[in-house]
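Below is one structure, written out as structure tokens, with a few remarks after it.
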Amino acid sequence: MTNATGLRVGVVGCGYWGSKHIRVLHSLESVATIAVIDPNPDRALQLSRNYPALEAYKNLDEALPHVDAVIIATPPSTHKPLALKAIAAGRHVMVEKPLATNAADAREMIAAAEARGVVLMVGHTFEYHSAVWQLREMVQKRELGDLYYLDTARLNLGLYQNDCNVLFDLAPHDVSILNFVLGATPVSVQCWSSHHAHQLEDVGYLRLHYKDPDITANVHVSWLDPCKVRRVTMVGSQKMVIFNDLESEERIKIHDKGVSQAPQLGEDLTQPPMSYRYGDVVSPHLVMNEPLLVEDEHFADCVLSGMVPLTGGANGLAVVEVLEAAQLSAAQGREVLLEEVRGSKVVLAEPAMAPQATAVLSNGSAPIGDLR
Amino acid sequence: MTNATGLRVGVVGCGYWGSKHIRVLHSLESVATIAVIDPNPDRALQLSRNYPALEAYKNLDEALPHVDAVIIATPPSTHKPLALKAIAAGRHVMVEKPLATNAADAREMIAAAEARGVVLMVGHTFEYHSAVWQLREMVQKRELGDLYYLDTARLNLGLYQNDCNVLFDLAPHDVSILNFVLGATPVSVQCWSSHHAHQLEDVGYLRLHYKDPDITANVHVSWLDPCKVRRVTMVGSQKMVIFNDLESEERIKIHDKGVSQAPQLGEDLTQPPMSYRYGDVVSPHLVMNEPLLVEDEHFADCVLSGMVPLTGGANGLAVVEVLEAAQLSAAQGREVLLEEVRGSKVVLAEPAMAPQATAVLSNGSAPIGDLR
Amino acid sequence: MTNATGLRVGVVGCGYWGSKHIRVLHSLESVATIAVIDPNPDRALQLSRNYPALEAYKNLDEALPHVDAVIIATPPSTHKPLALKAIAAGRHVMVEKPLATNAADAREMIAAAEARGVVLMVGHTFEYHSAVWQLREMVQKRELGDLYYLDTARLNLGLYQNDCNVLFDLAPHDVSILNFVLGATPVSVQCWSSHHAHQLEDVGYLRLHYKDPDITANVHVSWLDPCKVRRVTMVGSQKMVIFNDLESEERIKIHDKGVSQAPQLGEDLTQPPMSYRYGDVVSPHLVMNEPLLVEDEHFADCVLSGMVPLTGGANGLAVVEVLEAAQLSAAQGREVLLEEVRGSKVVLAEPAMAPQATAVLSNGSAPIGDLR
Amino acid sequence: MTNATGLRVGVVGCGYWGSKHIRVLHSLESVATIAVIDPNPDRALQLSRNYPALEAYKNLDEALPHVDAVIIATPPSTHKPLALKAIAAGRHVMVEKPLATNAADAREMIAAAEARGVVLMVGHTFEYHSAVWQLREMVQKRELGDLYYLDTARLNLGLYQNDCNVLFDLAPHDVSILNFVLGATPVSVQCWSSHHAHQLEDVGYLRLHYKDPDITANVHVSWLDPCKVRRVTMVGSQKMVIFNDLESEERIKIHDKGVSQAPQLGEDLTQPPMSYRYGDVVSPHLVMNEPLLVEDEHFADCVLSGMVPLTGGANGLAVVEVLEAAQLSAAQGREVLLEEVRGSKVVLAEPAMAPQATAVLSNGSAPIGDLR
């Protein structure tokens, strides 16, 4: 489907995140032409100052004849209709996270792509991040001993979204990291969330229970925090690791320390119950390639070679199911099993979605904007 | 009851924390003699190297005739029997946090002290910390605008306790800070906890709901984290504050920034939903006195003057009720109303208490040791 | 001289720093066409992937007919011949720091530009940095009380240059900041330097003496340090300021503290000689525009309007004179007066220049490369 | 000379630093009695609240009959007369750094101690610090490859001294660390210093040249800086190390990275001249004992066993010679050879000493106070 000289890629939505895709696509040898697809002419104009060869289209319909593949970087509520349209036209699709705003939509997208035989990939950027690969390797090789638990924090005075809450905006990163590092998906989820400066939730705490390995993982996301935090903590019986994505030099720190129960001393409460072990701290050198570049290159490779993407539709669905379960948990104040959100079409009346989102979608035009 | 030259104070339990009391008491003009009460002769010996005038007693019974007041710094499960014994002898009592291991015990201690007319104080050190006073003042004067939420973290590769979990060991600090800063107690509690390196919980997340003001506060405590964290975050509509107790120079940082909903722009999803405001960061200069010193001086003042302590028995009970509710929430996976733990004697079969704790208590001798 | 639609700008040398100019020039409304001038075809090719409208020329001679102004971002030893050639052709010139590798060359360039009536500007980026403007304002308004001294550090495992040492590579930034902030130039210079991993100096310490105000300023530069440091400290009698350019949030911290002599207490050595004052720490919010963008826009404005640049040739010469004096001081182990390097053509046999630099220049072709 | 039960130690001067010695001496098994010797009765009183068994004397004459050894922690200008008096009485002496305020005095003290057969030790605390031992070991085992240079910084809004400048107050620590780590003493010294808030120098930069190994070391000391800094940087061809004494967890960081000259590429200035190597960062776990405790224990051991102290008089003299040479360099603006200060009695008219210091000493009484 690609022309002789390479892939023709369209980016739908050229806000903050879409324009990063456009920058990155320019570095890829396999990409021949790049199109920006955005109803806002100012955005296209501004981008074409820097990239005069950019093609520009007002909407996806106009663009489809001129592209082989599209990257959808629009507000989450528009992911499904845009993706389905591109798939129907036989175009390969990468959708920014979250793949969809509920599991039923995600399943519909997967089914459509399978039926039409095109690539459907989700933009879980952190699965293309060399630090996250290192975390995964440490877990898979059991370098931390018995893995005890994980804890993540993604905080900031953040970019609020119009059509989704902080769970659907920020937590996809953490859930995708956790699933990837553990090589598993959770069996149940608990969630606390609240909204303060907006009608959609802007602070959330999730707790994911994995069965194999038997691990709990805690996720803290916030659009409403004075300090930027991007941190993953993994605690094992032998070692403990912190991945701080804001550090430029020592992103990963492996603490060779731990605690174990002291030999039983009878009933002497005056003795400390544990013995402690302290060792070196090591920050392994990481060769960093920009994760978005790795991701987009992988998407192009999959399109050209027919290879199955590392973060395909099923991967995106797994994350959306967790988010949907989290939302249900927050609404009902109880732990939610993942299987509860698996049988159903739509479990939730989507309380996280603002009314205007539906309105926009119902008139069929594709609103396009920032994603992060 | 004090002798002419000043107060005679006994410290029961001279482990890590008890020996700090002994150091601090030496600086108080109002204290005439200090006694260490610990069955472990090595500890008393080691302390008396530094403090040769220290009196030493093997147990509380022996010490009682020689002291006017006692500070109980033993494992939590021993707080109640030791305090009741001292109260029964007409001695004033300060109990380290938590006041007791369940609310019923705390109530019994309060009633006993009232009946006997002695001071009962709880060692909520942070309520004597000038940074916490500043947090309280900012909230009371509404300097943050509308207060949105609070979040605290108290993490470390910490000192495990023999007879209580991390909730009862570390969270008392945070709950006491929150109650003090907000001038209120929560109406309900949610809790997630887990144990990894020990049979007692070593990682916990609490969520406290206050009604007036209508605030949620989140508490993260861990004995099993590679990095030491001591942090309180307060987020308001006008300002956001971080109190980092590990900083020596800039413990409190006030961020003059915020976010508010942008004027309604119809249904244009491409417009950012919020407007952001960024301003200066200010670290007010704090005059720091060691909180434990301020606390112990206040205890001595209360004993000598009959003044009611700032952190009296009721204050200690309020914290214990929250912990008991948290424990119940973790066990039952649901939100627990504080009123549920108020009517009852003992709600819980005390799953947080290790078997040996009961054994030790049943033989009537007072085990004595570290507290933190 | 500019065409109707805007300025035609050529960037000579499209290595690390030159390609930043190319990126930034794309954002300027007043710039119509941009040309890259580099003998290395790979570099031009790589840039034109991202910027397909870029014109490319192999050398300055070929480019001159097609540009109104040039930015010279080549190794320092080539600044003079390239600038003189562009000036002779009536083109406006911005030269990256340092303006030249000795004061005599800088004077020759200034004289040529004046004679030909074109703009000669030097790329002292930090004079276009809003944090540096704030430092200058604090000094000019005497907000620090009596200014005592300044200290700067610019360290890293840095990008070694082929044709100049660390003094000429990194110290221009600090000297330009100091001259700008103080509104003065030093009267004398001391310098220690050494070379370790290269035949050119890679570590240097400078001490600049200003007369009005009467201030010493210390500059530490290194290409050979494990940690990146970009720091300016200003100490006054009332306040002390740190500008840390690596901080994204709190680049400037104003410490409201100080020390002053205690009232004379006779000859009692046991009394502390000073009284100390401690106050708040304030990080003022800075509106940050990329300094290079501000600089390039200013260059374009000067070219179009005939305005005199803020960092014109004389400004660049003042910095080069300090560097030349520093080099002389290091060689002779003594303090060097600035007037010593002012009367002369070339004071130094340029020991900082590697032999090949001369060789390259003598064959008349313009070697082009990285600058930083 | 010691009595049966252990050593009797007197501490002369019980200010900030002297009282630390008193605390530490209480932990030593080999010390039987401790005396505080200070003309200020309030200080002795305050200490005896905490240490009721402390003996107290108003001056050294009164104390000498009751002690076997003395630790002199008084202002530097009083070190010599106090030490000579104690030595003359046959008492062992540890003198806080600097051993004396000029090399001639230091030599006189050494000669006196040798003649009388008593221990003379200097309190170079950092030579008893396990992090410094590790630095020394890395250098001695050549783990950094070729050692290139060292750089130290000791900054703060510091405790000004009455009778000595910042060079004699703070730099002894750095010079002692450097001599110890390199296993050598410098052959020449350069120094820049200035005074701002006091008539004595409060900011200084030293440059020490060692011959074997052939190393330069730079020392920055300041009493007048907004931020506390305690840092040693060692740069080698293979590794680079930072020792940050303010870190509690990762005091030493070993950066396995470096730079070396790239293979000669002819005269192509466009090629980078160096090749860079990046590797892990390791913070080795250090077992920390309080250095002052290790030091005082070593002093007691030397007194009891006749062992020669690690930091004996000659070690103290070596540091004082460097300081004296530094002072001369600052005064004369030139590099000073160490041999210049070796032949002489007193090279300098002691410009660093305030007039009152001499006055105090001339009346024969021992002024006593803070040291740091």
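Going in written order, the chains are labelled A, B, C and D, and every chain counts its residues from 1.
Convention: a residue touches a chain if its C-beta (ideal position, glycine included) is under 8 Å from a C-beta of that chain, and two chains touch if they have at least 3 such contacts.
All figures in this text were calculated on a predicted structure; none of them were measured in a lab.
The most distant chain from chain C, with centres taken as the mean of CA atoms, is B.
Separating the centre of chain B from that of chain D, both taken as means of CA atoms, is a distance of 42 Å.
Rounded to whole angstrom units, the spacing between the C-alpha centres of chain A and chain D is 55.
With centres defined as mean CA coordinates, chain C is found 42 Å away from chain A.
For chain C, the set of residues that touch two or more other chains comprises 227, 249, 257.
In terms of inter-chain touching, the protein chains here all touch one another pairwise. Residues 23, 26-27, 49-53, 227-228, 249 of chain A touch chain C in their complex. By the touch criterion stated above, chain D contacts chain A in their complex at residues 249-250, 256-257, 278-285.
The residues of chain C lying in touch with chain D in their complex are 15, 39-40, 75, 77-78, 148-149, 151, 157, 159-163, 190, 192, 194, 196-198, 203, 205, 207, 216, 218, 220, 223-227, 233, 235, 237, 240-242, 253, 255, 257-261, 266-274, 276, 333-335, 356-357, 359-360, 367-370.
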